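The first chain written gets the first letter, and so on, giving A, B, C and D; residue counts start at 1 in each chain.
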Amino acid sequence: MMAFTACSNSAPDPGVRVGLITPGSIADAAWNSGAYAGLQRIRDSLGLAISHVEARTPAEQDEALRAYASQGYDLVFAHGFEFQGAAERVSAQYPTTAIVVTSGSRTQGNVSPLIFKLEDASYLAGMVAGGLTRSGILGFVGGIELPPIKAAYEGWVNGARAVNPKIQTREIYLNSFDDAAAGREAALALVRIGVDMFHHNADAAALGLFQAAKESPGVYVFGANADQSSLAPERVPGSAVIDLPRALLLVAKAVKAGSFTPKVEVFGLASGVVRYEPNPALAALVPPALEERVRAAADSIAAGTLVPAARPASMQARKREAPRALSSALALDAAQSHRGHGGRRSTPVMVASSEFSAPLW
Amino acid sequence: MTAPPVLALRGIRKRFGSVQALRGADFTLAPRELHALLGENGAGKTTLMQVAYGLVRPESGEIAINGVVRTIASPRAARRLGVGMVHQHFTAVPALTVAENVALAAGWKVRQGLLRERVREFAEGAGLPLDPSARAGDLSVALLQRLEIVKALASDARILLLDEPTAVLAPGEAADLLRVVRGFTVRGGAAVLITHKLDEALAAADRVTVLRRGAVVFEGAVAGQSAKSLASAMIGDEEGGEARRPRTANRGRDGTVAEVELHDVAIRLEDLEVPRETGYGLAVRGASLSIRRGEIVGIAAVEGNGQRELLRAVAGRLQPLRGRREIAEPVAFVPEDRTTEGLIPGFTLTQNVVLGSRADDPWIRRGRIDWRLARSRTAILLEEYGVVAPGPDTFASALSGGNQQKVVLARELARRPRVVVAENPTRGLDIRAAEAVQARLRGAASDGAAVLIYSSDLDEVLALAHRVLVAARGKLLEVPADATRAQIGQLMVTGGR
Amino acid sequence: MTDSLVLLSGFLAAAVRVATPLLLAATGETVTERAGVMNLGLEGIMLGGALAATLGATAAGPWAGLAVAVLVGMLLAALFAAVAIGARADQIIAGTALTLGAVGLTGTIYRQAYGIGGAGLALPTLAPLPIPGLSQIPLLGPALFDQPMPTYLALLALPLVWWVLFRTRTGLALRATGEGAAMARAAGVRTGLVRTVATVVGGGFAGLAGASLVLAQVGTFAERMTAGRGYVAIAIVVLGRWHPLGVAVASLLFGAATALQYVFQSLGLDVPYQLFLMLPYGLTLLALAGAVGRARAPADLGKA
Amino acid sequence: MAARTPLLAILLGLAVLAGGLQLAGYDAAAALTSLWRGAFGSWYAFSSATLVRAVPLIVVGLGIALAFRGGALNIGAEGQFYAGAIAATWVGLHVAGRPAVVAVTAVLVAALLAGAAWVLVPIWLKLRFGVLEVISTLLLNFVAESLVSLVVQGPLQEAQGIYPQSDPIAEVARLPLLPGTRLHAGLALALIGAAALWYVVARTLWGFRLSAVGAGPRAAEISGRIDARRVTAVALLGSGAVAGLAGGIEVSGVSYALFQNLSPGYGFTAIAVALLARLHPLGVVAAGMLFGALEAGAGAMQREAGVPAVTVYVVEAVVIMVVLLADTGARRAVGARVAA
């Protein structure tokens, strides 16, 4: 209960210091709390000194990064894509601090992104949902239309279509990660038009979505970011999980060992950091045949033969002009995978490696 | 007389900051008595009555009601003891209806239909009929005054404290009101009448108490007193006898007027129509008027007959709908309400003088204000107009009403205006302050300004003006030079019909 | 045909659900503002009520949560009253400060009480209570008579507040205080007391509004979960012309606009969702301009 | 008196904080030490944390002081700030290759105009329909937030069309930094702005009329022959422009790009700043710095002592309340003398 009264003062090994900057409250039971749990694990299992700060605006984020860097922290987790620009500016000035931007975009100096392909897991969740749905309409509730969230949505849709090409999908964005009542209202609006399977990416605001599912017979929610089956055990068939603590710990270990080099770290299904976590309580719900297909898809994704959502090309669909700084190989991948998910289960796209070491875009 | 006084105040002392408002004042009110309380502004009359009504807590002294010593901590407590007060400033809530205002004061039950009927009956029974559904904010001043008294009577007041109730009434209305008060005492009540008008006190009251600087200087039966004797009690010996200029004597074309050049017209109105300030309907209907330089024209009217709008149209504060309006510049305007329209209480005196600034004022230089110059000019004005204030940096709110009015006049007249418009310029002022203000207005006229004034005190109009007009239902009526006071009062009420 | 009827009925029910916390807070603020006090701390009080409801319900069930929320709302409002009425300090600053403090306090206490795992959805909540018969009425039945208790409380409070304001001596004294405090004082009204009570009552309503978010809707607490509803409630009081009936209409209008926003988004139209998010606020502005622009605020509103 | 009160308030606020922290099981002494270090502990902390945070509070605070002085209750500075930020970003993306002076000026002027434009709707609603500006400006805050969200995912989205943020504005459009710090020239603008507003209010006829309308609208109209409606409208317009400018300064001096979460609620905190300063432009500078220091210190307190940042809101609230109480008490003491 008093878990967060952690202090840096008590750390036994003052040699290596790790900082975490979150863009929101660490009590959101999702994105930010996961990172904080990782930070605690770094202290507990590696014995490193830790520190955390919440920074909601670009100005605060810039300031927090500089504060850690100027105090000589060895590793700073900047928890969100929005830190990328500030991290690059700060790193130019303080090259000795390793700055890891979760969901970041590229390496530069000592800045490296940590990319979680949540869409890998969302794809599997989508397959289950596609198999379970009676109405054939799937719903998605997002906080703000951020790239990782958009990618997760695409994975979810593609997974469902892989099982049932006639699936329809609906999405609602709340413009808030706090407004749980809005999350519930959005969910209920979707339930009214027949949605019976939900996925989300709205952190604390999604709590309302779970509540709505609890109240609506026959409606199920697939959790996101963390294993959320405990929120509504009878209504959450599974969750698309990012094991943030594990990922953060991996990075910190490398830093402590001195083996850390800046590179794009991508965590997909293969890494075990991103995974689809079924809820054992509802295991009976999923027919064995479907379960088998899901398992096979998971293997293909882990092996790299199946791309759940085309990153990043699909995200550019709304943009008029052609992408400028995109490597041609990735553009090809994207184009092919896009074709591959129209419902026709055509040749899965080959991807060289699940762990990119070159800049993603 | 064996019955104890219904109200006895003994040795009341009260200090506001550095000012000793009451220094051991005594006052007794006998049963069935109408008792006039006289004194200059700041003498402590209102404060003394506020002590009796629980609005002001005295430092020392005691209050006895019907012979029993009481602590009156609030108006609520006062009303429980049968004390009601009619304030100088109206206390009806403008947004509420007449019925609601009465219920609020009297603690009556709020059942709309029943309440309206009850208030209607009560008001008629008291001889002060009112429309219970009207919003208090829409009532004329006379009706508001009436509402104040109905409120007090409805609260079962046995002791009525009236703070200058006739100040805003036409003569006929004032007489009506005093008759109602007399009726109240005849039915067993007792009333205190605070007033400036000595003849009113002499005519209406049984007994009189005079306060000067917070202490009682005279108390006794009205019988045997004269305006002169009361005035010397109020003012002290140094200026005895000059209580008020002899009324009506200098009205008309007396010597002073003849010396003024009468050919230069400074105000000319032709067939002017002015909307009501509220925006709906006409307040002034086809008014024509010329005023020459050096002439003082007084408007006599019952509240709400368009005189306010007429004056504001002349002063350029209100846009007429139709008609011709030729007014010489600059225009000085003395609005009726000093604290909301004439001055900004939270501003210093210097700032309030600058408030009326125009581009040609010496302290304005290309949009900049030279505060040092403004300040020194203000200091000179304060001196010149005899304003009692620590200095030009004093906040306007710290001044007494009379001194505030002098500041307004100083500001407005300093520009050597060719037209002066003044609404109720001496309302609420004591005799000396009123005289000073009137002298300034006369001075402005003899310096060549055309002066247009309105006063709800007919006596003041008669005392100041060379020529009197009556405003009734938006029309202007000429008053014959030989008209008597009673005839003018009649004209004000009937509008000549 | 019946399908669209079901959808419409669902939409109306959603409008009432969205409107409920707004209606509760705005009804309370109507009482407060009628007494001449503008409480910009409403947002903070709602947040406090929400957390209090969470703690109370965790400890002793939803009804206790409701009660604790009302108490905490009144307590926070009393704090505001002590500063803004007792000490006659500026109401706008005091309200801003209260909201600021409440955001900090609720965040701190919530993390102390539940850690980073949060309160979860284990909270006992208030399920909808369909009123037999009435809830079967087509269209309006589910909207008005198949709702959780706070909605009924809001609907019951409306005529009650109207009656108190316009048909009792207390209400008369309260309105007089808001329209002319000096005059009300002269009439023997203890205006300081009236304003304090009106503010505290308003705080109780705001606490209830916060509790309704937690207990009747979300089932848990989240930091900053009120998301500006307190401010919207103040706008609704103006839109409703400081009259309980008007406030009810305005709340429903806003609730309907918000519910419509979700409907539009769920249609999957190729329109940026942000345009829909603006809808309720744009409509409110239009309504202010059109129907109620010249509404007159209580004359002494906001004056110390 | 006037200077001592805020100091006492701060001390009391900190005492409340210390007590609360001790109760909650933190090391209060360590927390307060880091609070101090984070705000004033070093030149870097003061310049790069405290002052950088103070700039938007001061500029928005000046705008609010302008509006409130003229009798306009502008609660919509948050929205005007965003409007200014949008315009500044748009211009900042299109001025590459121009001289820096031209570019920065263009960016800031655009912000100014956008802020003013955002407040035109409330002005029009007020003059035409009598809609209270308190409500219309408040509602437009919500609209502005959605608008920012719209443009960072639409016309102003970064080139790749992925992130809900704009591309960085051109180098030439950025405000110069004080070497070795994050402090940008926006502070100079804030100080010049405060001095200018002070001059206007204290020395010019227009500024005097503004204050007159705020202090006594009836008297200003009747005795001052001032068109109070117009003055209030102009004050509101100017206030919107200044709040918009603050948005431009934030983009051009700190964030270099448009983000959805650019403001942590400057528009609301600045109300407290302006009112604590009693609407005095120079006081706004002091109050803005106080709040900047508190928030900067809060960051350090969280980093070094693990105290949640939200806790500092409580301190801010206590400081505001205490200053308010002391201030009101002082005014009442004067008032008692005045009444006599």
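Rule of thumb we're sticking to: a residue touches a chain if its C-beta (ideal position, glycine included) is under 8 Å from a C-beta of that chain, and two chains touch if they have at least 3 such contacts.
Please read all numbers here as calculations on a predicted model, not as lab measurements.
Student: Touching subunit A and subunit C alike: which chains?
Tutor: D
Student: Quick check: more C-beta contact pairs in A-D or B-C?
Tutor: Here the pair linked by more C-beta pairs in contact is A-D.
Student: Of the other chains, whose C-alpha centre is the longest way from the centre of subunit C?
Tutor: B
Student: Based only on mean CA positions, could you tell me how far subunit A sits from subunit D in angstrom?
Tutor: Taking the mean C-alpha position of each chain, the two centres sit 35 Å apart.
Student: So what's the Cα centroid distance for subunit B and subunit D, whole Å?
Tutor: The mean C-alpha positions of subunit B and subunit D differ by 47 Å.
Student: Would you mind pulling out the distance in Å between where the CA atoms of subunit C average out and where those of subunit D do?
Tutor: Centre separation, subunit C to subunit D: 28 Å.
Student: Please output the residue numbers of subunit B that touch at least 2 other chains, ranges allowed.
Tutor: none
Student: Provide the list of subunit C residues touching at least two other chains, using ranges where the numbers run on.
Tutor: Touching at least two other chains: 107, 111-112, 223, 274, 277.
Student: List, in ascending order, every residue of subunit D touching at least 2 other chains.
Tutor: In subunit D, 24, 146, 149, 153, 308, 310 touch at least two other chains.
Student: Chain pairs in touch?
Tutor: Applying the touch rule to all chain pairs gives A-C, A-D, B-C, B-D, C-D.
Student: If you look only at subunit C, which of its residues touch subunit D in the complex?
Tutor: 83, 87-90, 92-94, 96-105, 107-108, 111-112, 223, 228, 231-232, 234-235, 238-239, 272, 274-275, 277-278, 281-282, 284-285, 288-290, 293-294, 297, 304
Student: Of all residues in subunit B, which touch subunit D in the complex?
Tutor: 16-19, 21, 316-317, 333, 335, 337, 340-347, 351, 354-357, 364, 367-369, 371, 395, 397-398, 408, 411
Student: Using the touch rule from the top, collect the residues of subunit B that touch subunit C in their complex.
Tutor: 55, 74-76, 79, 85, 87, 90-96, 100-101, 103-105, 107-112, 151
Student: Under the touch definition given earlier, write down the residues of subunit A that touch subunit D in their complex.
Tutor: 2, 4-9, 19, 23, 25, 51-60, 62-64, 66-68, 70, 81-82, 85, 105, 144-147, 175, 312, 315-316, 318-319, 323-326, 361
Student: In their shared complex, at which residues does subunit C touch subunit A?
Tutor: 6-7, 10-11, 14, 17-18, 21, 107, 110-118, 120-121, 125, 127, 213, 217-220, 222-225, 227, 258-259, 262-263, 265-268, 273-274, 277
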